[in-house]
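To start, I am sharing the structure in question, which I have written as structure tokens.
The letters A, B and C name the chains in turn, as written, and every chain counts its residues from 1.
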Amino acid sequence: MTHASHSLTLADIARHLGVPLSGNAQTPIRGLATLKDAEPDQIAFLTNRAYLKDLATTRAGAVLLHPEHSKTCPVPRLELDNPYLGYARLSQLFDPLPARDRTGIHPAAVVADDATLGEGTCVAANAVIESGAVLGERVVVGPGSVVGADSQLGEGTRLHANVTVCHGVVIGKRAILHSGCVIGGDGFGFAHDGGAWHKIAQLGGVVLGDDVEVGSCSSIDRGALGDTLIGSDVKIDSQVQIAHNVQIGDHSALAGCVGIAGSTRVGKHCMLGGGVGLSGHLTLCDGVQVTGMSLVTNSIHASGVYSSGTGAMENHQWRKNAVRFKQLDDIAKRLARLEKHRD
Amino acid sequence: MTHASHSLTLADIARHLGVPLSGNAQTPIRGLATLKDAEPDQIAFLTNRAYLKDLATTRAGAVLLHPEHSKTCPVPRLELDNPYLGYARLSQLFDPLPARDRTGIHPAAVVADDATLGEGTCVAANAVIESGAVLGERVVVGPGSVVGADSQLGEGTRLHANVTVCHGVVIGKRAILHSGCVIGGDGFGFAHDGGAWHKIAQLGGVVLGDDVEVGSCSSIDRGALGDTLIGSDVKIDSQVQIAHNVQIGDHSALAGCVGIAGSTRVGKHCMLGGGVGLSGHLTLCDGVQVTGMSLVTNSIHASGVYSSGTGAMENHQWRKNAVRFKQLDDIAKRLARLEKHRD
Amino acid sequence: MTHASHSLTLADIARHLGVPLSGNAQTPIRGLATLKDAEPDQIAFLTNRAYLKDLATTRAGAVLLHPEHSKTCPVPRLELDNPYLGYARLSQLFDPLPARDRTGIHPAAVVADDATLGEGTCVAANAVIESGAVLGERVVVGPGSVVGADSQLGEGTRLHANVTVCHGVVIGKRAILHSGCVIGGDGFGFAHDGGAWHKIAQLGGVVLGDDVEVGSCSSIDRGALGDTLIGSDVKIDSQVQIAHNVQIGDHSALAGCVGIAGSTRVGKHCMLGGGVGLSGHLTLCDGVQVTGMSLVTNSIHASGVYSSGTGAMENHQWRKNAVRFKQLDDIAKRLARLEKHRD
């Protein structure tokens, strides 16, 4: 369901994007939709040539597109060099969440006497704010969420429902933490005495920069001594694990199910595909992309795209090839022997 | 511990399954167990030939089995063409959960004034039901769970403890959502302006059909524009991530740790093994099975079993083969050259 | 941030470790740090030769190290055969958590009338203790956590915030359960009738031994009939899934994102790297190590290190090799033909 929290005109939309308008300024606009599904009171967008075929027949009230496609657009258009960015900006206008926020502290929230709450901050039912926590202005804490002792949340940060921020965690401005995520659980550190494990107390914290987003059910563990550090504008999807003392550079994006082992440093503007695993104590330089489900066990010192693994195939054929993989070193040696024999 | 919530007789069991009884109708039955462990007041079952050896010595009060194994059964038997299905049906009789449910709203639950609750629905301590939510008859909301604004839960649906259903989510009848799962967190959508990320508000919802089960700590993200769609009778294990605008056909089953990227469509009666990853924007037709930890990066248009990866081997040998994998293209070219030379 | 909950002297530290002291006994010590970062009121440690270069210039108040490195240490030293173990023991001294615990039951906690709470046990705000639960002495239940009906928590066990322990779960002494983890959700069991799935009620429980730790957002599912069994001193990282009726032997350690399918048995002193997957119904003997992101589909009967998969490489090269993987069986056959031809 696409929510229509309020109605705008086409002129409002064009003004918000800062672009000239080709159609009727008074057309009411109630939301966004794909080229195919859009009704005359919705804005559509063309950001992928695969959907060019839908442009000719769209019924949208207007279409966000690159100027190169204007001629084939049968309805009013909003021309942008980066129409996908325009779509992102418009999507914010139609987000029903901000309008829903209540103000103030729900009577069933539990807020420690010595916690500090900024102006406009709201704490939902059954949320718990522990001793010494400092929440900036316009922070939103969802129902069932917990903010641990001495943690700090920057202004405009939003915790959805059932989020856990452990003690001593520092989160910047405008962060969005989705339900079920945990920031600041203990890192996985134990010393072995030859027979049993001895816990290493995880005395560091977690520091998140500004504009960080963390997906549902993701974990960012606290540092063993120093802090786990997540840069600004880092975007983290659902089901991600970030171990103790990892560092992630600004503007990097981690897709779902990524796992990063302890003390690894990821540069700025990196992109890790879904299910990627990074071993511990590695360094990935700026601008590294790793494709889905690859395992990285060595540091990477040049920007670029990296991969591991094998593609899916029909199981019967795969079984034969997987058996041969176990003979691969032998195959290579036999080939070398044949080559020598030939010469 | 196998719970014995109440005692039944062997006759009750046979009547429940609709099969004739070969033993003493009055034998009291207090639960289920394996052939090996069953006591005389427990029912056992034979569903896997690997356990035929345990049949001869079982002490069970009766055994569920296929007629072909009746002759070798030393105790009373309950003959079924699909004894595993019979076991499933009996297991329900001994589930202690339904008997435990209280009725009504716990005083420490927080239910919005304009939420609608069906007859027989119960909401546990510290659960939160937000504004506009609609819960059908006999819905159970566990302690600490949150039902977001305007979401709908069909009759007989059960949320275990600490479940999060975000706003605008529609869930069918008889769903079972396990603890820690999150339905309707934001999908992972951002536009890049060349330097920084801009969030795309996730304006779609999530729609689950009837009889869906979602395991603990799993995430099903809400759609960017349209909805993420989970068909009826879809079974989802723990630690699974389903990204925005994914569609899963009826009767499909996803094992633990599966990750599915955005907008991918999985057909009906598909089965994804543990840890399987599907890239975004793919289509898997009906009846596709993917074995554990395989990565699928292309659409699949024929039903069957698919795999990727390599099997585990001793690390010393594996290292040699993994090095050779990096030379594989070279090996293939050298082989072709030798073949040419031979001709 | 490294917390300094209280100040000790160097003499206190030496006494705690049971080692002689080489420096000024009255030196105040407020915490731990790396060789590089340590100030004169902090203890550092040398546990990895890679950091020997930092020893010469450390400003630490004292250094924990092996006697072989004493000569090159410019500051007071604490000599131990296993300095990493010494670090673990000292880290406990500086953990601020124990000092923060309140005593007793928070007024916003909900504790069933027939639950049993041991002496010194504390239950935080918005936690829920259900009917029949038995909590030993000095148990700590964090905010928003739920302890299900008839579950048992051994003395000294700590549940962080938003933990879920389902009904009928037995947890030993001194367990640490991190936020968002779920112990005792249903295993993934369904029988198929040819068209639809029928749920198998999960009638078993989960039993955890003593000194078990479970990371944030991890799932340990309850057994179908018998119990899922986690031995003593088993350490489980974040984002791990353990399916129904799995058994893990004492002292084993599972890194982040591990997934173990149903009924698999892992021996004692095993170590599973991050993202490892084990198929169902396998047996791994004692002392097995599996490297990160390996898939194990067969039982392992000899201790040692095991691996699968391929290492990451530059994507352009990887694509060529991955294509060749699909031809591997053919390559092997063609090679054999050439060898035959040569003879």
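The definition used in the following text is that a contact is a pair of C-beta atoms (placed from the backbone, for glycine too) under 8 Å apart; a residue touches a chain by one contact, two chains touch by 3 or more.
Heads up on the chains, UniProt names are A, B, C = UDP-3-O-acylglucosamine N-acyltransferase.
In this text the structure is predicted, and so the values were computed from the model without any measurement.
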| said: Are the interface residues of chain A and chain B largely the same numbers on each copy, more than half shared, or largely different? | reply: different
| message | What's the rotation angle, in degrees and to the nearest 5, for a C-alpha fit of chain A onto chain C? | response | 120
| field | Chain centre separation (chain A, chain B; CA means) in Å | value | 25
| said: Can you pull out the residues of chain B that are in contact with at least two other chains? | reply: 108, 126, 144, 162, 180, 217, 239, 257, 275, 309-311, 313, 325, 327-328, 331, 335, 338
| request: Would you tell me which residues of chain A are touching chain C in their complex? | output: 108, 110, 126, 128, 130-131, 144, 146, 148-149, 162, 164, 166-168, 170, 180-182, 185-186, 188-193, 195-201, 203-205, 217-219, 221, 224-227, 239-241, 243, 257, 259, 261, 275, 277, 279, 290-291, 294-298, 300, 304-311, 313, 317, 320-321, 323-325, 327-328, 331, 334-335, 338, 341
| Complex contacts: residues of chain B adjacent to chain C | 1-3, 31-34, 37, 82, 84-85, 87-89, 91-92, 94-97, 100, 106, 108, 124-126, 142-144, 160-162, 176, 178-180, 211, 213, 215-217, 233, 235, 237-239, 251, 253, 255-257, 274-275, 292-293, 309-316, 318-319, 322, 325-329, 331-332, 335, 338-339, 342
